[in-house]
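Just dropping this structure here.
In order of appearance the chains are A, B, C, D and E, and numbering begins at 1 in each one.
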Amino acid sequence: MSGAWLPLATLATSLLASLIIFALPEHRHSIRTTVNILAATLKLALVAAMTWGVFQGRFYGISYEMLPGVRFVLRADAVAMLFAGLSALLWLFTTLYAVGYLEGSPNRSRFFGFFSLCVASTLGIALAGNLFTFFLFYEMLTLSTYPLVVHRGTPKALRAGRQYIIYTLGGGAVLLLGVVLLYQLEGDLAFRETGHLMGSDPARYPALIGIFALLVAGLGVKAALVPLHGWLPTAMVAPAPVSALLHAVAVVKAGAFGIVRVVYDIYGIDFAASLGVLEPLAWVAAFTVIYGSLRALWQSDLKRRLAFSTVSQIAYIVLGISLFGPLGTVGGLVHLLHQGIMKVTLFFCAGNYAETLGVHRVDELDGAGPRMPLTSLAFTVAAFGMIGIPPLAGFVTKWMLGRGALAADMAWVIPVLLLSSLLNALYFLPIVYRLWFRPLRGDWPAERALGRLETHALLLWPPVFTAVLTVLVGVLAAAPFSPLAWADLVALRMYLP
Amino acid sequence: MTSALLYVLAGALLCGGGLAGCLLVRHLLRRLLAFNLLGSGVFLLLVGLPAHRHGSDPVTHALVLTGIVVAVAATALALVLIRRYFHLTGRVSLPTGRQEDR
Amino acid sequence: MTELWLDGLLVCALLATAAGALLSRDLFRAVVMFIAFGLLMSLAWVRLRAPDIALAEAIIGAGLSGVLFLDAVSHLRRRPAGGAAEDD
Amino acid sequence: MSSLLMAGLLFTPLAWAVLCLLLAFRAARLASVIGMLLQMALSLALWAWVAEQGGFFYHLGGWAPPLGIGLRVDGLAVTFVLLTALVGAACGLHAGLYLDPSRPWQRYFWPLFWMLWAGLNAVWLAGDLFNLYVGLELITLAAVGLVVLGGAAPALEAALRYLFAALIGSLAYLLGVALLYAEFGSLSLVGVGEGAGSASPAASFALLIMLFGLAVKAALFPGHTWLPPAHGIARAPVSALLSGLVVKAAFYVAARVWLELGPALEAAVVGVLLGVAGSAAVCWGSWQALRQPQLKLVVAWSSVAQIGYLFLLFPLSHGVPEAVSLQAQQGVTLQVISHALAKSAMFLAAGNLILSVRSKRVEALAGVSRYLPLSLFSFGLAGVSLMGMPPSGGFAAKWLLLQASLASGQWWWAAVLLVGGLLAAAYVFRIYRASFQEVEESDPFYHPPRSLEIIPLVLALLALGLGLVAEPVLSVLGLPFGGEVLSP
Amino acid sequence: MIERARQALLGAACLLFTVCLLWAVRHLVALPAEQQALSVLLSRWLPDSGVSHPVTAVLLNFRSYDTLLEIGVLVIAGMVGISLARTSALEDPAMRSADPLLHALLRLFLPLLVLLAGWLLWAGSSRPGGAFQAGALLAAAGVLGRLAGLPMAFLRPGTLLRAGLVLGFSVFLLIALLGALDGRAFLAYPPGLAGALILVIEAGLSLSIGMILLALFVSAPVAPEEDADGGPPA
């Protein structure tokens, strides 16, 4: 088994980092930070190496029998690298940001330990080679994010944690049921680009439809599909880096990514279309898109508004998946990345406002632009991206989705997209307007001086970088190795006979 | 071999009575008495049934001797515990009811 | 035939003493009944041609257990509900 | 070689019991550490031997069954022997540091501990019905002795409850043995199994009454009432031993008897009844665990729930295809092993936490997460296994049982498994919740020595890692007999 | 009310149990009589066992492992008993009988009982009797002596008592190991020595059994003013 070490090493970097951090005493801040950043950098390098190898057609994987008839499989394929690349890249930024954000606060050993564990689980989800392995890491993710959500230890945080755990564990149980039923019916199925179930017995179709519903319901909890999204806005009490992690890198993405795996690599897009399960999925996604945007409109708390925006944006991914045809696939997959980059920027900025100025509510943001120009610029770029203004990242996605909808004969999706963009604009533009064009009313709620710049350097640069990325992935969408090009590559393999 | 059968019947009835005593009686000493009766019933069955079918069976005698030793060890231990329990709390039966909620 | 009658009588006595040990109001009486039961059991073992057990039963059931029980009864009577030292 | 190993395995715990009775606490502790190492080495060697050469029968005293007593040294038995060595040694080491040597009665911990170990090994290896009875009694009395150690009133009350339940259970089992002996004229498990070719009402009743007795000893709902007080009141290492190993012994006997006799006696109804009782135990135990104010009672009630899962073996191994039955057996065995590791880890960690916060109550844990991360972490890892979350052994067990229940068409057990997992999560997360609560003041806790904290961590990690190596472990469990008989 | 219902339920269950048991017994006694395989085996192997009384042969040779563990159970009971004993003075003045007649009787009776125990032990190899009966008799003698207030210093919880408790057990255990070290199975006696070794084991067992039962009798709390020493929490 050549190339087994690379996926293992990628997993091990963050796993080991987490163990080392747990073992370190609370006060060893500098060692902890060094370990964190080293691990994140190393992991990024490893993922990059692996991505290059996958592009070259090399095979990376490991597989062994964990239970009778059930294998533990890690495998790096094109889709896996899409997600792995995203999480490795954003982990680096989020770690830097978190180091700055949590400076001087208690329980950092615990925080960074679980933080690394969480990223290890995400990598595992990306590299999982079959549904069983996917489930393994999916549940690990649930467990390792709980301590992050309740990190602050306040009654509110504990309540949010309880809600989070009820939703996700319930979803996990449903998913487990689906997975076991599928194993019962079809045996151990490795992920394969064209799916497995094309040739199955028509008598099994009803059962397969039921299993599909179970799987999507289980995954939909983390992907925050309406009506399973309740935990996401509540979990906003967590510190900003955690929100960034939940929304952009790990949790909701894990759900969306799982739906990608189930639709493409287990059922096969052709078979799923012929079962007739894609259309209902598209309806749910479309409803979630609109619902999330509408709810975001009424939120006065900045982070809650962003949270509902996530509900809506993740549904774009699912929508793309449920559009039969390469274009829809490309749209969905590329949004997996683009949304991550944009949303992480937005949360970083929100965190900066909260940390530096003590601002939590939208109507307190008046005049923040001149006070924190770089942060506000990054926020503005990401917000425009979300709305879908060309040539930013969001525009690419929406364009591909629209074309995909037409190709799949589901023209009703177009108005949904338009309406959603309108709503996006309605809830983002007022913020941008307040930032730049409204004068400051009185004092900031809790202003703090953090360094020479507008805020702490570690808080400032990560959002700036990701904002630049938001521009770049949009402008350079046609270049090789852009997310779009990579998604094209994936889609090509999926629709091969 | 009908006489063995009589003892078998007695053993069966002792089992029933002893079990009822163990489950229903609250006083610890009485419960221990019932336990001993139950034991005697089981031993009678253990010896009596093979004796009825095949005649005297020394293997069962050995087993019952072992069983008696175990029973007497348990009884003596239980008596020590009961006496000490009484000594500390003045109770001769275990409290019932909501002990699970403590 | 007489043997059978004797056995029947013995079994009846066994059951009667057992019932006495279980149902007696007075604890002391119950223990005495239990000792009598042990003696009768010893006889029963003899009738089942198990002399080893009979010997053991006579020493244990009637003798040792009886003394242990009697001693316990007298102890439990001597100090009715006096223990105040409930510690935890 | 293996003959010597067997002799050593049987001799060591009994001999050390004698030795430790004669020594004072500290000397006995030193001797026990040596003994534990020896016993570990012996168990490991025997396990390796069996993994390589296959199982065998060992005739004690050189006399063959049915008159003599044969020990059945198969993969399952040696795995449990090894498990006992692991958990036993961990609890012993923990106890050596945890117990207060200045109390005069603590010296009796060691001989009782070794007797318990001897009894457990006797039960895992037993191939003889009456020998099993004696072994079970050895375990019972040693366990009661450990619970009552110190002789405080609540401990006495719990011990008396436990003693009576266990004694009635043993006698019920013995009654079954008497009936089986009367019918088949044999005491060896294999001999009786061969005799029970066709359904016989007396044998069926015997099976029923044995299972009843053993279920009470294993604390199956509704015969569980003795367990929470006993496991809650005992000292932490003792509770760990009791919950981790002792209740499993009764279940193990029940499973062996069932698998030997159940199929021949067409006892499907009994199986379903036991399954229903197990399901009720899962729900009721978890519910009670959720509302206990005391930490150790939460853990004890969780044992009631987790034992419930084991009894799903009975409906899932009767009247189903061979492959499904095998899956259920493997799943239950994994559950036994992972619960033994996880629950003992949890009790030991709970003991450390109680030591640190100086209170038994759950609310007292507020802030522990900040100052005492290690014990809490062990507790949490053990909780992962109890919840059946991957990659723990508990998850592997749950997966296999889910598959077995769906494959057998008895999907309702799958529902029990899933609901049970969620309920377990509820009570485990309740503890986390309490411990994550932030308190303003500075570190108010007693910090136990590092070695006390390491032991539960190791056990919890083993429980967690078991899922990853479940396949190799299961392959040893299913080893066939080599047919070799060891006797002069 | 619930308690009533519970009791009624349990009573009904016991009744059902008895009926089922009787029904099972009815089936069992109706089975055809046949030659008992174990008895045949026993009489065939008896000459090799070293003793001529079949029950003793089963107890101390064929199924000696049961006996070993059973003595273990007794030892445990004894240990727990003395671990709970809180009495420092073993002679309870309230118990001492002042009756001179009783003392005289006892002086006569006790040696007789001990002698009888010895005889039972010796007889065990060829006829009914053996270690357990002898040990129980010793214990009974001890109980009598104690009730009469005879001083018994050896029952003070101490090394001597503990050594006495496990004497028989350790002798048994060491002899059991002998066979294994010899290359044969655990608990196998060296050829030709079985009879002698069994007698040695039985002698040790009698002493220990007597001591354990006596210790259990003595260790029960007697004095009302003794301290109630609870354990530490947890």
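The working rule: a contact is a pair of C-beta atoms (placed from the backbone, for glycine too) under 8 Å apart; a residue touches a chain by one contact, two chains touch by 3 or more.
What you see is a predicted model, and the numbers here were worked out from it, not measured in a lab.
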Mutual neighbours - chains that touch chain A and chain E alike: D
Of all chains present, which has the mean Cα position farthest from that of chain D? A
Chain at the geometric heart of the assembly (C-alpha centres): D
Between B-D and B-C, which chain pair shares more contacting C-beta pairs? B-C
Tell me which chain's centre, taken as the mean of its C-alpha atoms, is farthest from chain C. A
Compute the distance, rounded to whole Å, between the mean C-alpha positions of chain A and chain D. 42
Geometric centre distance via CA averages, chain D-chain C, whole Å: 36
Distance from the CA centroid of chain A to that of chain B, rounded to the nearest Å? 66
Chain centres from averaged Cα atoms put chain D and chain E apart, in whole Å, by 29
Shared-contact residues (touching 2 or more other chains) in chain A: none
If you look at chain C, which of its residues touch at least two other chains? 52, 56, 60, 64, 68, 72, 75, 79, 82-83, 85-88
Residues of chain E that contact two or more other chains, please. 17, 21, 25, 28, 31, 36, 38, 42, 55, 58, 63, 66, 70, 73, 76-77, 80, 84, 132, 136, 213, 216-217, 220-221, 224, 228, 230, 233
In the complex, go through chain C and note every residue touching chain B. 3-4, 7-8, 11, 14-15, 18-19, 21-22, 27, 30-31, 34, 37, 41, 44-45, 47-50, 52-53, 56-57, 60-61, 64-65, 68-69, 72-73, 75-76, 79-87
Considering the complex alone, what residue numbers of chain B touch chain E? 5, 8-9, 12-13, 15-17, 19-20, 23-24, 45, 49-50, 52-55, 57-59, 61-63, 65-66, 68-70, 72-74, 76-77, 79-81, 83-84, 87-88, 96-97
In the complex, the residues of chain D that touch chain A are 327, 330, 369-370, 373, 377, 384, 389-391, 395-396, 399-400, 402-403, 406-407, 414, 418, 421-422, 425, 429, 432-433, 436-438, 467-468, 470-471, 474
Touching residues on chain A, where the partner in the complex is chain D: 22, 64-68, 70, 72, 106-107, 109-110, 135-137, 139-140, 142-143, 146-147, 150, 152-154, 158, 161-162, 165, 169-170, 172-173, 176-177, 180-181, 183-184
Please name which positions on chain D make contact with chain B in the complex. 67, 130, 133-134, 137, 141, 144-145, 148, 151-153, 156-157, 159-161, 163-164, 167-168, 171, 174-175, 177-179, 181-182, 185, 225, 228-229, 288, 294, 297
